[in-house]
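Two complexes follow with chain A in common, the first pairing it with chain B and the second with chain C.
Up next is the complex of A and B:
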């Protein structure tokens, strides 16, 4: 259908059809993945019933083969789902612009007919109307060209990932050729571009933990890889939890039978050893449960059919856990917001941050429905547990800075078409991480920085922040935010960036509750808070309207 | 509805002193938000309809730094008011302002004289909020949104140790 898109088709396009098709492909991918898990657990049980012999080996091989085949289905199926969802967004945006054009025409006394042809109002047939009409014709044609281009791109992605009679081919790539962690994203992108589609599918399916974490790999492919990582982490943690439960039950049953001494033959204090192990089991299980809770929230968000498509750009369960989740594909968006949460956020509490991120994406759509905005929740660093104790003195900002720096560079190199407007927003201690990043090397790759309820950004002057125009360094602090209690003593993170001598641009947020300064610290995203609208205006580049 | 009103003071208590007081549940908050939005919609000139916009759901309304337990949420829902070309869009905000004034709603933010006017109010008894926002686009199109939000509540009504 490439090239054959008419104005009428745009006006009548129904993005829901594409969205539903994407959901169907997503379900197919999940089902294939579940089946693959089933085969893996069946294969593990074969030795229990059939210890050895040629038949046992053949059964094992057969199960492994089926599992492998199903595993390789996931990347292309998931890519098709992504493509269809992205196409739904594109169609929706183009339809809005087509409708806007009709409204614009009406104001200029030009009727744009459903087929795209235009007629002047005879009562206003003058030079001004003629000029307006030629401008509208130019806009209409540009819109149709863009529609044809997006349609062609989606068609190519689907064709590349559609199975032939021999399946979806993959070509082997040696693990050692995958760029290492910390490689410059531009170099990673060159490596990725040098791979054939069959090789890309191979590295995504075989080395998802490497591909998913590499800045410079296009977001769509990182998402596919990280969904595989997510599934594996959930399976591994659940299996480990079962193991711990079994071990605990065994210890308890041995103790109840009076055979506790047999558990620790080399130990002199056998009771102490049992108690220590039970404590260790309890602690590990609590950590697993916290991580699983976070992973479940991420899964819920990724699979939610009622929300815009989310992309999993990063995931790890090490330490307090890391997660990078985007609403919309930043590689295809006009505006990209990277939101860095503050203290106390860890994987287990990621649910609330994901919702906050969804709301910021929706706010941006309200502020500018003609543009596509992707909003990324970036928990790519180990956030301090509390602002009072850890935050002023620990090295989270230093630790997070190189990751955030590379991530922002990666967004630039994988972006399609015109560069997007990239905005990085930090709440609370997240703003310190941004400040620190912007003072390393060439600074941070962003068009604007936004500091919300900041304890300081590691400098007393906006002009020290590199990589971003000083006129686009924004800050807000509610009048009754508890963060104002952090003194400007130069011992913690630098002065409050809303101070006049800091040199940033201050925007309004609601004053908050004088009787609850703690709640005010997180009230910036409350319904009706002016900060939210201002953030949306900054993200969509309507800075003249910021109050 | 009766449950929600009775639970009102408990909700206010949660705002005053972060802690372990029971509140209405997130589900009840969602019901009340919907009720307020429908009531608001009922004040608009006839001929428009509501279309869900973005995500209806909960947001975190606390932070570990407030000394209170984490886990409280507030509920939010947004509708776009969809209307035909001849609908009197410029009357929407003044009509709602008048309705809210007559019913003693508290004004949270009044930006009704801006080029993109908006007005946020709070229900006098239970602290639920409604915002009407009018966007006059460069293209000449007018978009109107109604957003409702609850005060902070425990998801299941009682403190959740997690």
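Up next is the complex of A and C:
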């Protein structure tokens, strides 16, 4: 036996107490972050009311110091919340395995007592039972060792983020030493490993937009950094929206007063200039509203206490926006699914994709409750806006491929313990992105690929897809999916990967609605669709059961 | 040469009050999670539970202290505003006495 953890503790472990504690820390982190925003807003206004003088300068300096202190609270507190949430998952898995061991013992005529000691059924005291008991003892000790290791790791992470009387120390790191975006994830990981905990806190708090976007930084730290980015983006977009509202109100008010000409003194066509500016304001405000809608959906998911913890691995509001959200921590999971959505998906429409991702994570837990599965919604590329205008072309797939390639490599280098089973699933155009990724360089870093409702993956043969065993290239297409209307032409992403001559393994999904082929294209994640069970079996490595 | 002093006294007093409020709210935030940061009896025996208890103690103490210092920083702005008013009043009274002579 090892450490202070007993078999009885594992049998009686209650993951909920850890989850609730994690929620408490999450709440503390969010509240402190709100106070930090409020305080910063007030401190910024000091020069407005106290413009100059030595006392004013001293007060400003003092308030800036306090503002800095407040800003540094969120990363360590959030890290403690994450650690406890992960500990809850670990405890749950350990308890399941302890219970399984008791069941195995019963089948082998060995009673495993709550304290972990074992007794052989006297009626079956023979060599076979003795061998079984010896095996059970080995499994019990291995389980206890693992429990002690996980417990020790969580305790250390929490201790590293515990505040002293002066807060949590940070050590300055020069911005120029942070690896650039696009750096090889293995190199990024080496850089990260070279930092002390105080330096990691510093780079997360000071350069969240850099750290959050770096493949090769552990997911837990990217999550903390990206939550800061999310908060800042929401604040910045809301502030910009207010500015636009004020400017619009001002223009309208000036026009109503008959003073429109004063707005554009250098312009010959003043009415035209006003209309152009109002149009520009409307367009920008619509874009902001779309992005805010997406950011709000992400926030709702991150803060939902009734669903498994989500990790924000990537975020940007550039172009149509990017978001990478994981249900569960892939660095600690046994199975990792990367889901690449298709045409028409952008930040503002991320809510539906997050739901699909939740479904797949839940399905995998049902398919294999003894394993931890993380499911990642990867909107790390600029998806085509329209099936008719952009989707037939390769541009988005070409643009997304290097990002997906690096992301998958990053998952490998930051994963703890035994390598996970990494599966990449693409829906619709998302499968085309995967196809491009798997045909570039040394291919895609994955154990299996899954194409769902694919227009084609820009090759006519599964054997052209590198980095993944050909026997683990899977595809499904509903009988009435509108995607079947896409011709099998090489100029339109190539053949349907469910064709026999493609050489992949085809699995079943519900046929869908013959009267609504468009809806069928999006029905793979509907309740009880056969595709869901099959996807869960592939993700959890139970490929023999796939139908 | 000393810096000239420009101050909006009512604004400074109001901003000071706002900042005092942020400190008070921070301390109230800490109170709202008291007892909810640790796993309680369900975590007995786990090193993680002991570390969490120490973290909760450390953070509660630090954030309460920080909240107090923020309150004090706001109060110092209010005090400064009051001092300006008092100093202005005193100057006014002196001027009045000089004129009366």
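In this text, the second predicted complex is superposed on the first by the 544 of 547 C-alpha atoms of A that agree within 3 Å, B and C clash if a C-alpha of one lies under 4 Å from a C-alpha of the other, contacts with A are read in each partner's own complex, and residues count from 1 in each chain.
Basically, contacts are C-beta pairs under 8 Å (C-beta built on N, C-alpha and C of every residue); 3 or more make two chains touch, one makes a residue touch a chain.
It should be emphasised that the depicted structure is a prediction, and the values quoted were computed from it without experimental measurement.
Q: Sharing chain A, do chain B and chain C clash or fit in the superposition?
A: fit
Q: Could you say whether A:471 touches chain B, chain C, both of them, or neither, answering first, second, both or neither?
A: The answer is neither, since A:471 touches no partner chain.
Q: Taking the superposition as given, does A:113 touch the first partner, chain B, the second, chain C, both, or neither?
A: A:113 contacts neither chain B nor chain C.
Q: Considering only C-alpha centres, what angle arises at chain A between the directions to chain B and chain C, nearest 10 degrees?
A: That angle rounds to 110 degrees.
Q: Looking at A:355, would you say it contacts chain B, chain C, both, or neither? Reply first, second, both or neither.
A: In the superposition, A:355 touches chain B alone.
Q: Check the residue A:177 against both partner chains and state whether it touches chain B (first), chain C (second), both, or neither.
A: neither
Q: What is the contact status of A:442 with respect to chain B (first) and chain C (second): first, second, both, or neither?
A: So A:442 meets neither chain B nor chain C here.
Q: Taking the superposed arrangement, what is the smallest distance in Å from a C-alpha atom of chain B to one of chain C?
A: Shortest inter-chain C-alpha distance (chain B to chain C): 20 Å.
Q: In the complex of these two chains, what residues of chain A are touching chain C?
A: Contacts found on chain A: 3-6, 9, 14, 16-18, 20-21, 23-25, 27-28, 31-32, 35, 38-39, 42-43, 45-46, 48-57, 59, 62-63, 66, 69-70, 73, 77, 80, 83-84, 87, 151-152, 154-156, 158-159, 161-167.
Q: Which part of chain C faces chain A closely enough to touch in the complex?
A: The contact residues of chain C facing chain A are 2-8, 11-12, 14-15, 18-19, 22, 25-26, 29-30, 32-33, 36-40, 42-43, 45-48, 50-52, 54-55, 58-59, 61-63, 65-66, 69-70, 73, 76-77, 80.
Q: Quick one: which bits of chain B touch chain A in the complex? Just the residue numbers, please.
A: Residue list for chain B touching chain A: 15-18, 53-55, 57-68, 70, 73-74, 76, 78, 85, 108-109, 111, 116, 118, 120, 129, 131, 133, 135, 137, 139-141, 143, 145, 147-149, 152, 162.
Q: Where on chain A is chain B touching in the complex?
A: 99-101, 103-104, 106-107, 293, 306-307, 342-344, 349, 352-353, 355-356, 358-359, 361-363, 365-367, 369-370, 385-388, 428, 482-483, 510, 513, 515-519, 521-523, 525-528, 530, 533, 545, 547
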